[in-house]
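The structure follows.
Letters A, B, C and D mark the chains in the order given here, with residues in each chain numbered from 1 onward.
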Amino acid sequence: MRALDWITQVLEVVAALAAAPAFLGWLNQCRAWLQNRRAPSLWLPYRNLHKLFHKEAVIADNASSLFRIAPYVVFGAMVLAAGIIPSMGTRLPLVVSADAIALVGLFAAARVFMSLAAMDVGTAFGTMGARREMMVGFLAEPALLMVIFVASLISSSTALPAITENLASGRIGLSPGLAFSAVAFVLVLLAENARIPVDNPATHLELTMIHEAMVLEYSARHLALMEWAAQLKLFNYVCIGFALFLPWGVARGHIGPVGLLVAIPALAVKLAAAGAGLALIETVSAKMRVMRIPEFLATAFLFAVLGLLVHVLLGA
Amino acid sequence: MELLLLLALPIAGAALLGVIGAGRRAPEINAAFSLGTFLASCALTARVIRHGDLLLAGEQFFIDPFNVFLVTLTAFVGLTTALFSRPYMRVELDHGRLTPGRLRLYHSMYQLFMFTMLLALTTNNMGLMWVAMEGATLSTVLLVTLYRTPASLEAGWKYFILCGVGIAQALFGTILLYVAAGKVLGAQGVTALLWTHLDAVKGQLEPTVLALAFVFLLIGYGTKVGLVPLHSWLPDAHAEGPTPISAVLSGLLLNVALYAVVRSKVLVEGSLHSELPSMMLMGFGLLSVVLAALLLWRQRDIKRLFAYSSIEHMGIATFAFGMGGPIANFAALLHMTVHSLTKSSIFFTAGHAAQKSGTQLMDRIRGLITLSPTVGWGLMLGSLAILGVPPFGVFTSEFLILTTAMRTQPWAAPILLAALAVAFAGIFSKVQPMVFGETNARRLPHAPALLPVFTHLAIVLLLGLYIPPYLADWYRAAAHLIGGP
Amino acid sequence: MTHLPLDQQMLDSCAALLLLLSFAMLSQRRIVTLVNLYAVQGAVLAAATLLLAWRTGEGHLYLSAALTLALKVAFLPWLLHRLIRRLEVYWDTEPLLNVSGTMLAGLLIVVFAFALAQPITLLASTATRGAVGIAVSVVLLAFLMMITRRKAMSQVVGFLSMENGVFFGAMSASYGMPMVVELGVALDVLVAVLVLGVFFFQIRERFESLDLHHLESLKEHE
Amino acid sequence: MITISPTLLTGCVALLCGWVVVGLAGLLRPGSLRFAGRTLFPLGALLGLALGLLAGASLLGGGTERLILPVGLPDLPMHLRLDPLSSLFLLLLGASSFGISVFAGGYFRQGEGALPGLLCLQYHLFLASMGAVLLADDAYGFLVAWEVMALSSYFLVTTQHRIPEIRRAGFIYLLMAHVGAICLLLCFGVLQGGSWLFTFDAMRAAHLSPGWAAAAFLLALLGFGAKAGLVPVHVWLPEAHPAAPSPVSALMSGVMLKTAVYGMLRVGLDLLGRPVWWWGLAPLILGLLTIFYGVLFAAVQTDMKRLLAYSSIENIGIVFTGIGLTIVFEGSGLETVAALALLATLYHCLNHSFMKSLLFLGTGSVLHATGERNLGRLGGLIHRMPWVAWLTLIGTLAIAGLPPLNGFVSEWLLLQSFLFADHLPHAFVNLLIPMGMALVVLGAALAGYVMVKFYGVIFLGQPREASLAQAHDCGWLERIGLLWLALGCVALGLFPLQVIRVLGAVTGQLIGATVPQASSHWWLLAPVPGRPVSYGPLVFLTATLAVVFLTVLAVRLTYHQRVRRAPAWDCGFGGLTPRMQDTAEGFGQPIRHLFQSFFEIERELPAPADRAPRYRIAIRERIWRLVYEPLSNAVERLANIAARVQQGRISVYLFYGFATLIVLLAVALMS
C-alpha cells in the first residue's frame, strides 16, 4: 500500500460525492435538450441539497428511531460502494476489502433499510413504495449478480479490480457472453435507479411511483441525504458499468501520478457519454405500468443468464 | 418337580375355582394360583440355566431354551393378567354384564387355559402338543362368548369351527409325521412322536411326506397363529371376549401356536433341505403384515384394531422365522416376547378406556389424558411401543428383522416399509384423538389397575435399551436350535 | 386282486363304504339322516378297527375300537339326536352349491386326494396303506361339506366326520396312534361336542334358530 | 467395559445425562412454574453452554475420542464417538440451546396445555436426544436417539392438544418422522454390508458394490431429507413448527433440522467413503428446488410462524445445495473446491441455527405480548417492545443475507464455490450449475423481500389493532436469550476468518482438504484457492460507521439539528387510518401474482354492493392435492378392497382354508 493509493482512494470517494449530483444534472440537461426544453442548470442538484439541509426537519409522530437512522445508513452504504468500485485505480485499499458480490450485498442492505424506513410511518404510500421497491429489487439484484458472474467467469474472480485489470489488458476480445450481459446491465441500471421506463423521477403523488413514494415522509436533511444517496447510487452503477465493460483509462497496478492524470479525464469523458446515452434511452422509451416491471426485469435476468450460458457453452 | 408344580397348579386351580369360582375371594385365589405357576416356572428356568436341556417323565417332557423362555413369559403374563382381571371383572360384575355363575366359569377356564398352554409348550410329544392346542381352543371358546351378546356368540362360533377344522388338519399332519418317523424309528411305540427323537433322525425322514405333513401342520397351527388368509376368526374372538381373555389370547396363545409351527419347521427343514418351508413362512408372513396393515385403516372398535395389529406382528415374526439364520431367529423370538408383553398391556389399558367411556367404539372415546392421565399415557406409550418406536423393545426386533431383510430378501424390504408406514398411520391416527383432545365423560369412581400395564411397558422399555446377557444367551441358543439357512 | 385274504378284502370294502358314506353325507339335506349317516360311518370305522386289531393282534386297537363304538356310534349320535329334538332343526336349507355341483367338486377332490396319497402309500408299511387315499378324501369331503352347509348342526356333523377321516387315516397308515394320543383325541372330541351343545343353546336363545346367516354380522366389508 | 477417564467425550455424556436429570427433576414439582422456569431451564441452559465449550475445545483439538457404554443390543453395546464433525454440531446445539433455554425459562406461562414439569422433562429429553444423535457411533444407538428426538419433540408440538389443527400437525410430523426413520433403518441395513456389525467403523470398512452404495445414499437422502424438510417430503414442517411453543419451534428449526444435515454428511461423506460425483446431483437439484419453493411460500404467508417455517425450508435448501456441490466436486477430484462448498454448508448451518432461533423467539415474545400470530393484526410494535424489535432486526437483516452480518458470509462462500463449476470435467453439469447459481441468487433476493415483509408488518407502521396498545416488552430472561443469539449472529458475521479456521478441522476430516487462506490480514477473508477474492466485513462496518459519523458531524457543524414532530402527511384528504397500510397479503401480492401457478389459491372477493366488504385469501400447497391426498386415497381404496376378504361368512372363511390347503399341498407335491 503506497501513500498515493490512499490519496487516490480518498480522491475517488470525494470525487464520487462531488460528481454524483453533477452527473444527475448533466443527465437532466441532456434530456431537456433532447426534448427541446430549456435545460435546467447543471448545478441545480447542489442547490437543492443545500436548500434541504437548511430546512427544519419534520418527522411524523409515528416514526421510530429507525426512520431517522435509515438515511445515514443508506448514504453511508453508497459512499462505501463508491470507494469499492475501481473507477480510477485497481489497487486501492478499500477496493481489496470487498468483491462484487459484497458490493451487491451492500446495495441490497441500503435497499432494505430504505424500505423498512418507508414502512415505518405506516402510510399507504410508504408501504406501497416499499413493496414495489422490493419487487424491483428481488429481480434486479440477481440480474446484476448474473452480469457480474459472467465477467467473473471470464476472468475467474469476483473481485472487481481483477476483472477490470483482466478486461483492460485487452486479452479478451469481444465476448458474446459479455455483450448479452451488457444489455442486461443497462436494463438493471434503469430499474435500480428509478429511471424511465421503470419509474419517473420527475413526478410526485402518481400511483405508479416507487422511489418518491418511499421518501415521501422525509424532509430536510434526511431527504437531502436520501436524494444524495440516490445520486451516488446512479453514479456507482455507471462506474460499475465502466469497470465491467469499459475499463479503459483506469490505472492498473499501483497507481502513479501519470496514471491518475489519465484516469480522471477518462472517467469524466466516460461519464459524459454515459449521461447522454441514458438521456437518449429515457427519451425514446415510455413509462410502463407497474405490473409490467417484473417482465422488464425478467428480461434483464434472462439476458444475464443467457450471457452466462453462452459464455459457458463457447468458453468451456 | 418344578414341572409337576407347573402343570399341577393350574389344574388344581381350575378344579378349585370350578367350585368356588364365584366367591368373593375368587379373583385373589385365581391370582394366587397364577403366582404359584409363575414361581414354578421361574424355578424350572433356573434349573434349565443350571443343567441345560431337560428330559422328564420318560421323555414325555422336554425343556430347552426355546420353550423355557416361552414358559416363563406365559406364566408371567398369566400372572399379570390375573392381577389385572381382579378389579376389572369386579367392575364388569357391578355393571351387570356378568353373573356370578359366569364369573366361576371364567376363573376355572382361565386356569385350564393356562394349563393347556403350558402343556403344549413343555411336552415333547407332538401328539400331546396337538391335544393341548385343541384343549386351549376348547377352554377359551366359552370365555369368548362370556357376555352372551349376539356378536360374542358369533365370534365364539367362528373361533370354534375355524380353529377346530384347522386343528384337525394339524392332527393329520401329526399322523403323517408319525408314519414317516415310524419308517425310521420302528413303526410302533411312542418314540416316533417324540420331538427329540424326530429331531435326531430328521435327516433320514422321507421328504415328500414330510412336505405334505408340514403343509397340514402349517395350515393347522397357522390358523391359530392367525396367519392370513386363515386369520378370519382372530379379530372377532379378540374383540368380543372379555378384555383379560383378549390379552392372553393375543399375548400368549398366538405365541404358543407359532411355537408349534416353528417346531415342525425345524423337523421338516432338516429333512427337506429345500427353500420350501421358509418360502411358505415368508409368504404367509408378508401377506399377514400387508393385509392387517390395510385393514387397520377401517377399524372402529378399539380391541378389534389391536387384534389386527396382532395379526400384523405375528406376520412379522413368521416372516423372520422364514428368513431363518441366527439373527432373524433371534429377532423373531425377541419380537414374540415384546409383542406379547406390549400387546397385553395395550389390551389392559384399552379395557379400562372402554370401561371409562362405556364403549369400545373409538370415535366415542376422547380425551383419556384428561379423563385419567395414567390410562391415557398407558395407551399412548403402549401404542407407540407396538408401532415400533424406540426406545421400546419392539423397535429392537424390527431393527434386526428389517436390516436382515434388506440384505437377504431385498425384494421384501419395500413391501415391509410400506406396510409398516400404513400400519403406523392406521393405528396412530386413531389412538391420538382417543388420548388427546376434549372429553365430556365423567371420571369413574374406581381407580384402574395399571400396575401390570406399566410393569410390562417398563420391561419392554428395558429390552429396548438393554438385553440382559443371560436372556440374550437364551435367545441365541434358541435361535441356533431353530437354525435355518 | 383275486387272491387277497378275506380280511383284506373286507377292510378295503370298509374303506370303500366310508367313501360312499361321506358322499352320501355331502348330498344329504335332512339333518336327522345326516346324523344317522354319521353313526353308520362310526360303525364302519369301528368295524375296520376291529378287523385290524384281530389281524395284527395290536391290543390297543381293540381298545380304540371300543372307544369308537362307544363314542361315535352310541354317545354322540344320541346327543345330536337329542339336540335336534330339543332345538327342532330337522332340515338344512338349500346348500350354497347345488348338489350336482358339490358332487362334481367331490369327485375332483377324490382324484386329488389319491394323487396326494401316493407318496404316503409308498412309505407306509401297513397292509391297509391303499386306504390312505380314501382317508384323505374323507377328510377333504367333510371339509367341502362344511363349506357348503348353512346350518350350524350340519357343520358340526361335517366337523365330526372330518375327525373320523383323520382317525381312519391314522388307522390305515400306521395302525393308529399311540394310546396317550388317542385318548387325548377322544377326550377332545367329546369335550368339543359337549361345548357345542352348550353353544347351540346359547345361540338358540339369542337367535331362535341355528341358521348361520345370523352369524354374519362381524365383518369389515359393508 | 467403561473406563471413566476425564476426557471431553465423557464430559459431553455427563452433560447429556445432566439434561435428563434436570428434565426428571421437573417431575418433582410438576405443577410449579417458578421451579421449572426460574431454576430448571436456566440450569439446563448452563449445561448447554458447558456442552458448547467442551465441543469447541474438542473442535480446536481436532482429535477423535471413543467410548463404549454397555447398553443397547447384546452384541452391540452403545458406541460413542466425538470427532470434529460431531463436535461442530454439538457446539451448535450447545450454543444455541443456551439462548433458547434461557428464553424458555421466562417464556412458559400457566395454561400452555401441559404441566410445566412435564414440559421441562420433554424439553430436556429433546435436547439430550439430539446430543445423543450427534455422539452415537453405531446404527442402533443412532436410530434410538433419533426416534427419541422425534418422539419428545412430538409431545412438545402437541402441547396444546385440545386444538384439532395442532393434533393434525403432530400426527403428520410423527408419521413422516417414522417413515423417514424406517428409510434410515434400511439404509443402515445396506451399509453394514453383510458384516452384521452395526458400528459405524464397520460400515466405514465395508465395501459396497456401486449399486448398493447408491441405494444406501438415496435411502439416506430420503430419510434425512424427511427430517430436514427437503421438498417434497417437507410437508410436516410448516404444520409442526408453528404448532409448537416458540422455544420449541426455535429448537426444532434451529437445531433439530441440523441433526438431519449432520446425518446426511455422516453417511454421505464419512460412512460411504468417497462418493461418486453424480450422487451429488440429487441433493443439489432437490436443494435448489427447495430453496425456491420455500421462499416463494414464505413470501405469501400471513402467519408469522408459518412464514419462518417456510424460510427454514428455504435455508435447508441452501444447505443441501451445498452438500450436493461438495459431493459433485469431491467426486470429480476437486478436493479444495469441495472443501470450500462444505465450508459454506457448515457455516450456513451455524448461521441458520442462530438467526432462525432468534427470529422464532422474537415471534414468541410477540405472541405472548399480543396473543396474535396473524400478521394482519400486528404492526407498530417497535414502539411497544423495543428490545424484541431491535434484536429481531439483527436476525432479520442476517437472514436476509446482508453484509456485514453472518447470513451473507455463507452465501458468499457458496457462490464462490459455484463459480468453480467450469472446472468440472462433465460438460452437461457445467451447463446446469450456472442455472443453479441463478436460482440460489434469486432465492437470496426473495429472502430479502420476505424478511422486509416479516419485519415491516410486525414491528413497523401503525398498530393494526387497538389491543396492541397493551403490548408489553419481554422479561429479562427472554432478553438475555435474544441478546445471546443476536450477538452470535454479529460475531459469526464479523469474524468469518476465525470461524473458518475452526471449521477447517471438519473439512479436513471429511474431505481430507482444508481451504487455504490467501490473505495475510486477520480481518480479511480470502479463502478461494488461486483467486484474488477477498471480503472484509469489519471494513464494511467501520467504513459505514465512519461515514455515518462524519455525515452527522458535518451536518451538525454546518447546519442545525432542529426537528419538529407532526402527523404523517395524508395527502390532504384527511383521516389516515392503519387500515391503509399494506396487509401481509398485500405485501405478498406481487409474488402471488408472478408465481400464481405455484400456489393453490382460493379467494373470497367482496361483491360491489357489500356494506362491510371482506377480502379473504387462502393459499395451500399443490403438493397436497398432487401427491399426498392421492396417496392416502389409494391406501383407502386398497383397504376397501382388502376388506372384501373379511366379509363375515363362515363358509367363505372355511373356503379360504380349504383353498390354501389344496394350493399348498399341490405346491408341496410339485417340488
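To be clear about the criterion, contacts are C-beta pairs under 8 Å (C-beta built on N, C-alpha and C of every residue); 3 or more make two chains touch, one makes a residue touch a chain.
No experiment lies behind these values; they were computed from the predicted model shown.
Colleague: Write out the two chains that share the greatest number of C-beta pairs in contact.
Modeller: Among the chain pairs, A-D has the highest number of C-beta contacts.
Colleague: Averaging over Cα atoms per chain, report the distance between subunit B and subunit D in Å.
Modeller: The computed centroid separation for subunit B versus subunit D comes out at 44 Å.
Colleague: Rounded to a whole Å, what is the gap between the Cα centroids of subunit C and subunit D?
Modeller: Going by mean C-alpha positions, subunit C sits 70 Å from subunit D.
Colleague: Calculate how many whole Å lie between the centre of subunit A and the centre of subunit B, each centre taken as the average of the chain's C-alpha atoms.
Modeller: Chain centres of subunit A and subunit B, defined by C-alpha means, are spaced 78 Å apart.
Colleague: Distance between subunit A and subunit C based on Cα centroids, please, to the nearest Å.
Modeller: So the centroids are 101 Å from each other.
Colleague: For subunit A, write out the residues touching at least two other chains, lowest number first.
Modeller: Answer for subunit A, listing residues that touch two or more other chains: there are none.
Colleague: Give the residues of subunit B touching no fewer than two other chains, as numbers and ranges.
Modeller: Counting only residues that touch two or more other chains, subunit B contributes 157-158, 161, 165, 208, 212, 235, 295, 298.
Colleague: Do you know which subunit C residues sit against two or more other chains?
Modeller: Subunit C, residues with two or more chain partners: 116, 143, 146, 155, 215-218, 220.
Colleague: Report the complete set of touching chain pairs.
Modeller: Between chains, contact exists in these pairs: A-D, B-C, B-D, C-D.
Colleague: Please name which positions on subunit D make contact with subunit B in the complex.
Modeller: Where subunit D meets subunit B, its residues are 70-75, 139-140, 143-144, 146-148, 151, 158, 161-162, 164, 167, 170-171, 174-175, 178-179, 182-183, 185-186, 188-190, 192, 194, 196, 198, 632, 635-636, 638-640, 642-643, 645-646, 650, 653-654, 656-657, 660-661, 664-665, 667-669, 671.
Colleague: Which of the residues in subunit B end up touching subunit C in this complex?
Modeller: Per the touch definition, subunit B meets subunit C at residues 125, 127-128, 130-131, 134-135, 138, 141-142, 145, 148, 150-151, 153-158, 160-161, 164-165, 168, 171-172, 175-176, 178-180, 182-183, 187-190, 192-193, 206, 208-209, 212, 235-236, 239-240, 295, 298.
Colleague: Subunit D touches which residues of subunit A in the complex?
Modeller: So the residues of subunit A touching subunit D come out as 53-54, 56-64, 66, 72-73, 75-77, 79-80, 83, 94, 96-99, 101-102, 105-106, 108-109, 111-112, 115-116, 119-128, 130-132, 134-135, 137-139, 141-142, 145-146, 149, 152-153, 156-159, 161-162, 205, 216-217, 221, 225, 291, 294, 301, 305, 308-309, 312-313, 315-316.
Colleague: Tell me, which parts of subunit D touch subunit C in their complex?
Modeller: Residues in contact with subunit C: 640, 642-651, 654-655, 657-658, 661-662, 665-666, 669.
Colleague: Mind listing the subunit D positions that touch subunit A in their complex?
Modeller: Answer in residue numbers: 379-380, 382-383, 393, 397, 400-403, 408, 412, 415-416, 419, 421-422, 427, 430-431, 434-435, 437-438, 441-442, 444-446, 448-449, 451-453, 455-457, 460-462, 524, 531-536, 539-540, 543-545, 547-548, 551-552, 555, 558-560, 562-571, 576, 578, 580-582, 586-587, 589-590, 593-594.
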